[in-house]
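Both of the next two complexes hold chain A, though its partner changes from chain B to chain C.
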Partner chain A sequence: MKCITDCKIIEILNLSDEQLIELSRKNVLSLSLEEMKTVQNYFKKLKRNPTDVEIETLAQTWSEHCKHKTLTGIIEYTEEKNSKKTRRIYNNLLKETIFKAAVELNKKWCLSVFKDNAGVIEFDSENGIAFKVETHNHPSALEPYGGSATGIGGVIRDILGVGLGAKPLANTDVFCFGDPDTEYSKVPEGMHHPKRIAKGVVSGVRDYGNRMGIPTVNGTVCFDDGYMANPLVYCGTMGIIPKDKIEKKVNSGDLILVVGGRAGRDGIHGATFSSVQLDQESDVSAVQIGNPIIEKKVLDTLIKARDLNLYRSVTDCGAGGLSSAVGELGKKTGAVVYLDRVPLKYDGLCPWEIWISEAQERMVFAVPPENKEKIVEIFERENVEAVFIGEFTADGKLTLIYEGDVVTNIDMEFLHNGVPKPTRPALCKIKEEKIQKPVEMSSSEISEALKASLSDLNVCSKEWIVRQYDHEVQGQTVIKPFQGNNVEVSGPGDAAIIFPYTVVRGTKKGIVLSNGINPQYGKINTYKMAASAIEEALRNAVAVGADIEKMSLLDNFCWGNPDEPEILGSLVRAANACYDMSKSFDVPFISGKDSLHNEYSIGGKKYSIPPALLISAMGVIENAANTFTMPLKNDGDKVFVLGTTRNELGGSVLAKIKNIKYGIVPDVHPQESKDIMKRIYRAASENLIEACHDCSEGGLVVAISEMAFAAGKGVKIDIDAVKTGKIKSQETELTAAEILFSESNGRFVVEVKPGNEARFGEILEDAVFAEIGCVNSDKGIVFESEKNKIKIQEAPEVLLNYWRSTINW
Partner chain B sequence: MKKAKVLILRTAGTNCDCETQAAFELSGAVAERIHINALIEKKDKIFEYDILAFPGGFSYGDDIASGKILANEIKNKLGDRIKKFALSGRPIIGICNGFQVLVKMGLLPDPELFEQVSTLSYNDSDKFECRWVYLKTEKKIKNESNCVWTKNLPDIISLPVAHGEGKFIPDDRKLLDSLNENNQIVFRYSSKDGGKPEYPLDPNGSVDQIAGICSTAGNVFGLMPHPERYIFALQHPAGESFCRGYGWGKVIFQNAVDFVK
Partner chain C sequence: MFEIEIRTKKGFKNSHGEHVLSDISGIGIKGITEVEYFPLYVIDGGITSAEVGTIALELLSDKITETYICRYKEQSVGKSLKTESSAGIDVSETAACADSAILPHSAFFVIEVWYKKGVTDTVSESVIKAVKDLGIEKEIKVKTGHKYYLYGKVSQAVLNDIATKLLANTLVQEYVAQ
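So, the complex of A and B:
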């Protein structure tokens, strides 16, 4: 291969192990020694040194970000419990847990699972709905605004690039930040203050999402000091796609068309950079620069071209840029690309930079030659740049040509399947959780704890954030992020419902979106954290009227450094919980993503983030009008609690506020919980439910208070009427505070009209439930226990104010 | 009977065109979403339509100022046609970004003058916000105006707003007085009972709480709130309906469709 000025030959054939490692480090390749040696051996066979373009192509394609090497690699897992060790080898953790459950459940309505840019399920006889959630953590740490904006921009392109393209209907976002009130002196050197990160991230999502005309309808924010230097930014998009547009293919001879933005120096090494720990030296040029209006134009025209059947395949340019997109599409055929034809923002890019630039707003199409003129006209009529850069071949090779010189010529087979499977040890030491000493609190202490819970960062209103997002654009958001009986007061909705009437005219159906996440539980037990997140996501959906039989899930793991056995071990446990819960709830996972290496170094010491598993749920609702919200509706209505309250304060908000040692992390009882979810749906279909809210962070007392102040109403609750259950046989009875603040899963608060309670009781027969009070605005919000001589009484507007005033930046 | 034909003009960054189309079609019209490039190519095509709509969004990213670039483009390339269309008495609506476009090209408040004499500036809160608000209709404000679009509405309705630049400011006192005298102010932000609203029910700090205005002839209408997002009762935060499951936004579109029949 000829050496030309812009393309360097990289000496690799004669490098020692140390030199290989140094080469990988110096060029941000993020390849291990074993991987570098595999590359070396490949080129030894070719009897030549690689070009810089070839090395970069391999590094991007083999990056953790693109390949998910850890979770698809070999894991030697050891579990220690009571000094007894059990071992298990995973050859591919994802395939043996999350994906396996989907295969075993084998739902007919799952249309595309774990194979495309997003998972797709059936919406109706004509349409599917696609959902994907991505993370953009490292970029958001360095440049919060640009990082989050391109995070949302990227996941929208996943939806545009699923099948032959879906139309985005809604966005979701979930963030984990450090404490926004951290003293400046405590912020690690070279890192942004958590409040600056939070504000920048919110602005980025706002400006990109709003300009795209996609409502941001669901999400949450978790605060913990563990995310100070490494925030988590999850962005999701849901879209709708005709069923006959879900399959894609590439034929030899199809032309490669790149559409949208131009390549630039922004976002060089984004894919490999995501596997490098953050420190004060981290390079901001790895962050991409977004332009939502270009992406909006791509969206408008892509859907037009799709409906005219002008292309055979499409995918997005995300991590790894053209290298990933063309590499992916041409996997089975081969491809030749003329790098000098790629439109550039400015001159001076080297061939390898053109090839791996993660410049935004670009989609790559496989176009049959006969549609060449027609498709370009569609784009150009709306001022969208569309340029043919090469074609798919039949030789199984990736060939890149720059100004007449061949700068890359490698086998697709090696590029995609040549990466050696790493073997990693994983270890989990299971500790027994202990119940805390009985939590005895007086009435006034409980009142104080309620106020502290409502204003706690993890419970308080996120209205300051959410109102900056247009959550109503497209006019289809029928269950909104904030809910109130009129427009002035509001409470936190459990899930969002989209009624896609502008796309599917005449439909009655809705699409529910919800999420579950709780890193606090994961600090103690990642199995229960994962199980709780799944149950919470489903519970949130059921709390607005979803049918548990028509739900699907996405997983998003954000973990620390997987090279540390205990960190990887905690991930294995969480993945197992996903399998177990998916099977027992009979709800499949349809797609997912992992972001490992979330760690940062301060003064040479490494810190990994608290593990976080975001579970996002999507489901189809038969009748979008037959749904409900969480504010109480009418004085005189009865209030019920469904599900068992157990002594589960481990990782709870109360435990944090009162600094309680020990405590059991909430467990999931899938049979009991699923049974209640099914019965709620039955009650809903008979219109028996006036209001419904799930019990999560802060427990029963927070959930009921939210329902009351969201309506500006009062409520009278008998604490003694709540049904409790024991975890261990020798356990004492729960105290009033434990009943009120326990965060046991599987519980709902439901409001029912007088006269309907008999029928409601019939539907719930044999399930754990109790009538615990009634809506009564005379005396405000009242919780009373005769047995424990406890009475709490607060005005709804006072509690609303506590809930509202924490985040008001 | 012939159906009313609606032209919904879109460009880069327009994003409420689909729901605006749905709103007109559910009101019995035929609505087409047309890209501005196509209209510039065949300028007289505009006269094939009975109603013209400028939907919400972020036209050209709202760079410079909201709606400004599109306003200039329309004025320069389609100005005489747009003016003729307006003076012919055919209904024109501008919603949110569309209202900003109408104001910035000067089609509102006076299409005959066709010069910018007022503006929509940054919200007092200095940020984009999305929420439902109450609107006092002209009935509650004063006697009924000529506005084609706002007939048959009660004293107070609610609609969602979603904007960062919605603060209506007329150039001078004289203009404000004439808007009042001519009954051109058809929507004002209000409290639930029609009183003066506080933030956030006054979402942007508009002069005299102005949320929507029309031309003196009543056919050209612009407003910041989004009527196309309240076609069905279930779109309301509490599911409120005025009849048979519809929302107040539907009446606004129905009025124009009925007017051209």
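So, the complex of A and C:
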């Protein structure tokens, strides 16, 4: 291969181990020594040194971001419990847990699982629905606005790039930030203040989502000091796709068409960068800037071209740019690309920069030669740039040509399957959780704790954030983020429902979207955190009327440095929880993503984030009219609690407020809670439910207060009537405070009309449930326990005010 | 090269400025009593001042709530950051002002924020396209920026704090505060 000016030959054949490491570090390749040696050996066989384009292509393709080396690599896992050790080897953690459950459950309505840019399930006989959630943590830490905007832009393109392209119907967003009230002097040097990050991230998502004309319908915001230097930004998109457009393929001879934005220096090394710990000198060019107007035009034209069957395959240009997109499409055939044909924002880009640029808003198509003119015409009509840059071959090689010179010529097989599997040790020491000392609180202390819980950052209204998003555009959102009497009086909805009547004419069906996440539990027990997140996501969906038998899940792991055995060990535990819960709830995972290395070092000290697993759920509801919201509806209606309340205050809001030591983290009892979920659905189809709310952060007292103040109504609750259960046999009975604030999973608060009470009881039959009070606006919100001599009485508008005033930036 | 500053007319809220003011007090800085925010556009190329007027009026400003100031500068867009004192808003002879009544009152600081060279500026891309759509068929370069007028009394160090902590992300933007 001859050397030309713009393309360098990288001396690698004769480098020592130290020099290889140095080369990887210096060029931000993020390749380990073993990987560098594998590259070295490959080029030794070819008897030549690689070009910089080849090295960069390998680094991108083998990056943690694209290959998920940790979760698909070998893990030697050791679990220590009561000083007994058990060992297990995972050859591919993902395949042996989350994916395995999906395979074993083998649902016929799962149309595309873990193989495309998003998971797809059946909507009706003609259509499928696709869902994907991505993270954009590192870019958002550096440039909150651009980072989050390109995060949402990227996941929308995932939906455009699933099968032959799905039409996006809704976005979801979940964030984890540091405490916004942190003193400025305590923010690490070189980092933005958590409030600035939060505001920037919110406006990025707002501007991109709103300009794309896609409603943002569901999300959560968690606050914890652990995310100060490393925020988590999860962006999700759901879309609809005709069933006959789900399969894609590439034939030799198909032309490679790149559509949308131009390549620039933005986002160079995004994929490899995501595996690097953040430090003060993070690379400037890793920042990406989004342009929603271009993406909107790409969306519209892509759907038009799809419906005319003008292409055989499509994928998005995400991390790794063209390198990843073309590499992915041409995996089985081979490809030749002329880099000088790629449209550029400005001159002066080297060939390797053109190839890996992460400039946004680009899609890559495989176009049969006979459609060449027709497809370009569609894009040009809307002023969308579309340029043919090469073709798919039959030689199984990736060939890149720049101004007549071959700058890359490597085997697709080596590029995609040559990465050595790393072996990492993982360790988990399981500590027994202890029940705290009985929490005895007087009536006034409980009142204070209720107000503190409602205004706690993790419970309080996120209205200031959510109302910046358009959740109505497209006119199909039937259950929205806030519910209540009017804008001034509202409460937090559990899940969103989209009724896609403009896309699927005559349909009655709805699509439910919900999520579950709780990093507080993960600080103590990641197994229970994962199980709780899954149960919470499902519970949220059921609380608006979803059918548990038509639900699917997405996993998004955000973890610290997997080179630390204990951090990786806690990840293995969470992945196992995913398998167990998926199997016992009979709900498959359809897609997922992980972001590891969420670690930040400053002054030699390392900050690893508290592990976070976001579970997003999507399901099909047979009749979008049979759904319900959380505010109480009519005076005189009965209030029920479904599910068992246990002494589970570990990681709870009350534990934080009252600084309670110990406490059991809420566990999941799948059989019990699945049974209740099924019965709620049955009651819903008979229209027996007036209001329903899930019970999570803050416990029963918060859930019931939210239902009351969202309606501006009062409610009278008998604490003694709540059904409790024991975790350990020698346990004492729960105190009133423990009943009110325990965060046990699997519980719902349901409002039923007096006339429907008998039928509702028949449906619930032998499930754990109790009538605990009634809607009564005379005396405000009242919680009473005769046994414990407790009475709390608050006006709904007072509690509403506590809930609403925390975040008002 | 022309620099266009889009101003809020008297009697209309400068809501972004108010947000910035609340952010400033939110980070514990006292001494600033009012903030006004105005977007900036620099347009370079063989363009006449009449054409710039059309662009400012028809494209960049809202005729009801906004007006504009347009300055002619010798420098080219290529020089990424203006170093000359533009804080003295003593509108020079070459500046055309649509409404002199809205000139800011005295005792203020100015912070200007611009993208660093090489950072994608999507708004400028849209402006270039929209100028063509207005029927002005000329090859132009556009740069966008932000200008904040801060009223009150603070030290230069505090001013720099406001710029770096709230207004400019120095990773992709640069600023002048004086």
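Just so it is clear, the second predicted complex is superposed on the first by the 805 of 809 C-alpha atoms of A that agree within 3 Å, B and C clash if a C-alpha of one lies under 4 Å from a C-alpha of the other, contacts with A are read in each partner's own complex, and residues count from 1 in each chain.
The rule we apply is simple: a contact is a pair of C-beta atoms (placed from the backbone, for glycine too) under 8 Å apart; a residue touches a chain by one contact, two chains touch by 3 or more.
All figures in this text were calculated on a predicted structure; none of them were measured in a lab.
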> Now for A:Arg196: first (chain B), second (chain C), both, or neither, which partner does it touch?
Replying inline: second
> In the superposed arrangement, does A:Lys345 touch chain B (first), chain C (second), both or neither?
Replying inline: second
> In the superposed arrangement, which partner chain does A:Asp266 touch: chain B (first), chain C (second), both, or neither?
Replying inline: second
> Which touches a greater number of chain A residues, chain B or chain C?
Replying inline: B
>> If we overlay the two complexes on their shared chain A, which of chain B and chain C does A:Tyr184 touch? Say first, second, both or neither.
In response: second
> After lining up the shared chain so the two structures overlap, which partner does A:Arg206 touch, if you call chain B first and chain C second: first, second, both or neither?
Replying inline: first
> Which partner does A:Ile293 reach: the first (chain B), the second (chain C), both, or neither?
Replying inline: both
> Taking the superposition as given, does A:Gly146 touch the first partner, chain B, the second, chain C, both, or neither?
Replying inline: second
> Once the two structures are fitted together, what part of chain A is touched by chain B and by chain C alike?
Replying inline: 291, 293
>> Per the contact definition, I'd like the list of chain C residues that touch chain A in the complex.
In response: 22, 26-28, 116, 118-122, 125-126, 165-166, 169, 171-172
> Which residues, counting only chain B, touch chain A once they are in their complex?
Replying inline: 10, 12-16, 18-19, 21-23, 25, 35, 37-38, 56-58, 60-61, 127-134, 158, 160, 162, 192, 201, 226, 228-229, 231-232, 234-235, 237-238, 245
> Along chain A, where are the residues that touch chain B in the complex?
Replying inline: 206, 210-213, 291-293, 296-297, 300, 381-383, 467-478, 480, 482-488, 499, 501-503, 505, 624-625, 629
> Which residues of chain A touch chain C in the complex?
Replying inline: 142-146, 184, 192-193, 195-196, 264-266, 284, 287, 289-291, 293, 345-346, 359, 809
